[in-house]
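One chain, chain A, links the two complexes that follow: it is found with chain B in the first and with chain C in the second.
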Partner chain A sequence: MIGKLIGIELMKIKRKGIWFLTVLGPIGVVALQIVNYSVRKDYLLQQSEDDWLFYLLNTSSITPFAIILGIVILTSFMASIENETNAWKQLVAMPVSKYSIYLSKYTVLLFLLLLSASLLTVFTFIYGLFLDLGEVVPYRELFMYSFYPLFAAFPVLGLQLWVSFVSTNQGIPVSIGVIGVILSYSAYVIPDWLIWKWPSLMNQWDEPLINVWLGLAVGFILYFIGMLDFHRRDVK
Partner chain B sequence: MEYIVETRKLTKRFGKEFAVSDLAMKIPKGEIYGFLGPNGAGKTTTIRMLLGLMQPTAGSVRIFGSDLKKDRINILKKVGSLVENPSYYPHLTAAENLEVLRKIYGTEKNRVNEVLEIVRLSDVANKKVKGFSLGMKQRLGIAAALLNRPELLILDEPTNGLDPSGIIEIRNLIKRLPSIYGMTIVISSHLLSEIDQIATTVGIVSKGKMIFQDSIDVMRTFSKQSVVVKVNESEKAWRSLMAKGIQGELHDGKILLVDKTDQEIAAIIRNLVQNGHDIYRVEEDKRSLEDIFLQMTAEEERV
Partner chain C sequence: MYHLLDAEWLKLRKSKITFIMFVGPIVGMILGLTVSTDMFPDEINHWFSTLMVMNLTYALLFLPLITGVLASTICRYEHQAGGWKQLLALPVTRGKVFIAKYLLLIVLIFAMQVLYLGAVVTIGFIHQYTDPFPMEIVWKSILGGWVATFPLAALQLWMSLMFKSFAAPLAVNVIFTLPAILAVNSEKVGPYYPWAQPFSMMYIGGDTKDVFFIPWEQLITVVGGGFLLFFLCGYIYFQRKAV
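What follows is the complex of A and B.
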């Protein structure tokens, strides 16, 4: 059943611009580096011994911000598909469990975000090659800086999905989303326990993996709470 | 008797307000059940509870003899519904909208074309629903409700917001359904006139309570007929009738005779003629079902 529902969700996101946004995100992140390196490549290459790593660090400074923004936009699009004509009442009156409805939408979002992260890896790699940053490509870091921020952003995904699915007023999830984007932008100054800081992979122990594991754990908990709350609520 | 839908003490509370209280709904198999009540009486809330969209505060719902709470998914496989304004995905075409739902039901692929044919939307199957008129959207909603060949069809205010030709179209469509598929239909409405002609059983709610539930024929017996006679010198005529012990009312120079048999009416007229009165008009004044409905709901409100 869940496979069928995922197929249906994929049908529903046609012509909504969701695929476009999924591709646009990583292009945007790399495009900023294209601007950065076109303007002051010589200066940037002087900054570090390891040009590849420095390039990846530059790229990854925008990634968390782009991921949070992407999550906010995609969840709100996803909710708008059902909210627009209150199709929730039609969907929930069908012979499917509300848990699987929630899970199918979550899965589709997860798939889109993973696709986005993969594209980011590819685009970053291609532009890095183009810049001719050295023989040895740090594949591990390349992968790390594309996927770790996404894993660390799972709590934000869980929260946004939950709030946008249960609010009749989409102003609420969008407001939370905007605040989240601003917080993620101020990652340097906010405390470690705020989930919007986690995608920056910064913490007082200087160990990015802590953010990843925390992200996966808290993300799962928030997903679960959201699903239970969605199940419990009446459909208006 | 076999009931397709049976609720017991069904109650829904929003904060302090009881939207539905102790509602006992009984819908026999094969009936077209008209679910009537003024706006805000609790019709939509009841229907949402029948579909599992809302959890009752208390009481139970049994559909096809099983408990909705325990067996929701199996019950909903045999139920089609249209709740209030139609839900659809505007960026998808009519056929795509139905295909999305068909996949969940798992009915055969051609079923989409069949239901589009039934509601006569085949011509616009590949157009986006965004551009449809309200009547077309409503028909698409009915098509969606028919996808799984339901044994129970629940339509909440299916003609709401439609123009008269749209209303007639939907009504004719609904009328055809039970004969073709042998299904049981529930239609809610705040207008009796809308389901007067199609419903076989009626349930009337007011303030969340069921105040009448029986066949429409029983309801019709409430519509007492009266005969209005217009004569010259009406007061004198009325007095002469009273003198003979015939009960009547005098209203604006007309005599109102309530609940008389044909023979009694004939005798009264003969009497008036023999007394030399000129009779201008003898009219039947039938109280419409609408009047009864209004009276019932008004009485409930006064209590």
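What follows is the complex of A and C.
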């Protein structure tokens, strides 16, 4: 049943610009680096011994921020699909549980975000090769800087999905999202316990994996809270 | 025209706008609380240094992004349940409806700027600054930031009229706002990029002889030109929009 629901969701997001944005996100992140490196490549290469790692660090300074923006836009899009035509009623009237509706939408979003992260890995790799940064490609770091921020952003995904599905006025989740974006942009200065800091992979122990595990755990909890609240509420 | 604005205000009052309006000062407070004036030498007025750090993120990202959210909010009630049909069936021209919406939008942005100023002052009290409050400079920055959002507001109003959802105008907004992070670092592109203007106009390190922190030519060509372009496009689009 859940497979069919996911199929339906995938059908609904066609021709709405969602796929386009999923691809555009990683392109945008790498494009900013293309601009950065074409303007001052010599300067940037002088900055570090390990050019590949420095390049990855540069790219990853934008990634958390792009992921949070992507989450805000995509979750709001997912809710708008139903909100715009009052389709929640029809969807919930089908012989499926509200839990599986929530799960199917979450799965589709997760799939889109994972696709985005994979594309980011590929684009980063291709432009890195083009820059000719050295023989040894740090594959481990390449994957790490593309996927870790996404895993660490799961709590934000859980929160945004929850808020946008239960509010009829999408202004609220979007405003919360904008606050989140600003917080993640100020990740250097905000305390460790704020979920918007986690995608930056910074913490006082200097161990990115802590953010990933925390992200997965808290993301799971927020997903459950959101799902239970969605189930409990009336369909407007 | 007055009645249209009155009607807009009435519709707005019940749309959870207060929450969105207070996002501005909340963000200001968060940014302000992270400021530590120890980073700056003591001779510099503490209000200055605080405002400099706060404006960095506020003007570069927050102001352009929230302008779009506000634009979508004021079009929301018409997008639902055939609101455009009802509104345009009234004896008002489409042009006037568009202008009323735009005026409302810039008034809201101005209100948010004032609330942000309130946040700046509050931060000063929390940190117990004793330096004189640089009234003139602060107003320049607040008003300048407001004027710089005029073209952005026009584009976002156009996008919000076009799309029902909040997400699509936001995506357009993000696509144009993010490059501003790079643009403000470039002396060549920065002055010509409309989305970098709120930052340039609020950045208090600029030339203080003019009325605003950027030269008049730049204000008129980039901000004025951008405003004219987006406003006219939105205006024409709305004239032809099928409701």
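Everything below uses one rule, namely that the second predicted complex is superposed on the first by the 236 of 236 C-alpha atoms of A that agree within 3 Å, B and C clash if a C-alpha of one lies under 4 Å from a C-alpha of the other, contacts with A are read in each partner's own complex, and residues count from 1 in each chain.
As a convention for this text, a residue touches a chain if its C-beta (ideal position, glycine included) is under 8 Å from a C-beta of that chain, and two chains touch if they have at least 3 such contacts.
Predicted, not measured: the structure shown is a model, and the values here were computed from it.
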item: Room on chain A for both chain B and chain C (clash or fit); value: fit
item: Of chain B and chain C, the chain that contacts the larger number of chain A residues; value: C
item: Touched partner set for A:Ser186, first chain B, second chain C, both or neither; value: second
item: C-alpha centroid angle, chain C to chain B via chain A, nearest 10°; value: 80
item: Partner chain(s) touched by A:Leu56 [first = chain B, second = chain C, both, neither]; value: neither
item: Contacts of A:Leu201 with chain B and chain C, given as first, second, both or neither; value: neither
item: Chain B versus chain C as contact partner of A:Glu84, first or second or both or neither; value: both
item: First, second, both or neither for A:Val96, with chain B first and chain C second; value: first
item: First, second, both or neither for A:Val108, with chain B first and chain C second; value: neither
item: Minimum Cα separation, chain C to chain B, after superposition on A (Å); value: 9
item: Where chain A meets both chain C and chain B, residue numbers; value: 84
item: Footprint of chain A on chain C - complex, ascending; value: 15-16, 19-20, 23, 26-27, 30-31, 34, 57, 61-62, 65-66, 69, 72-73, 76, 79, 164-168, 170-171, 174-175, 178-179, 181-182, 186
item: Residues of chain A that touch chain C when the two form their complex; value: 17, 21, 24, 28, 32, 35-36, 39, 66, 69, 72-74, 76-77, 80, 83-84, 169-172, 174-175, 178-179, 181-183, 185-186, 189-190
item: Residues on chain B engaged by chain A in the complex (per definition of touch); value: 48, 51-55, 72-77, 79, 81, 83-92, 96, 99-101, 103-106, 144
item: Residue ranges of chain A touching chain B (in the complex, touch as defined); value: 4-5, 7-8, 11-12, 14-16, 81, 84-97, 234-235
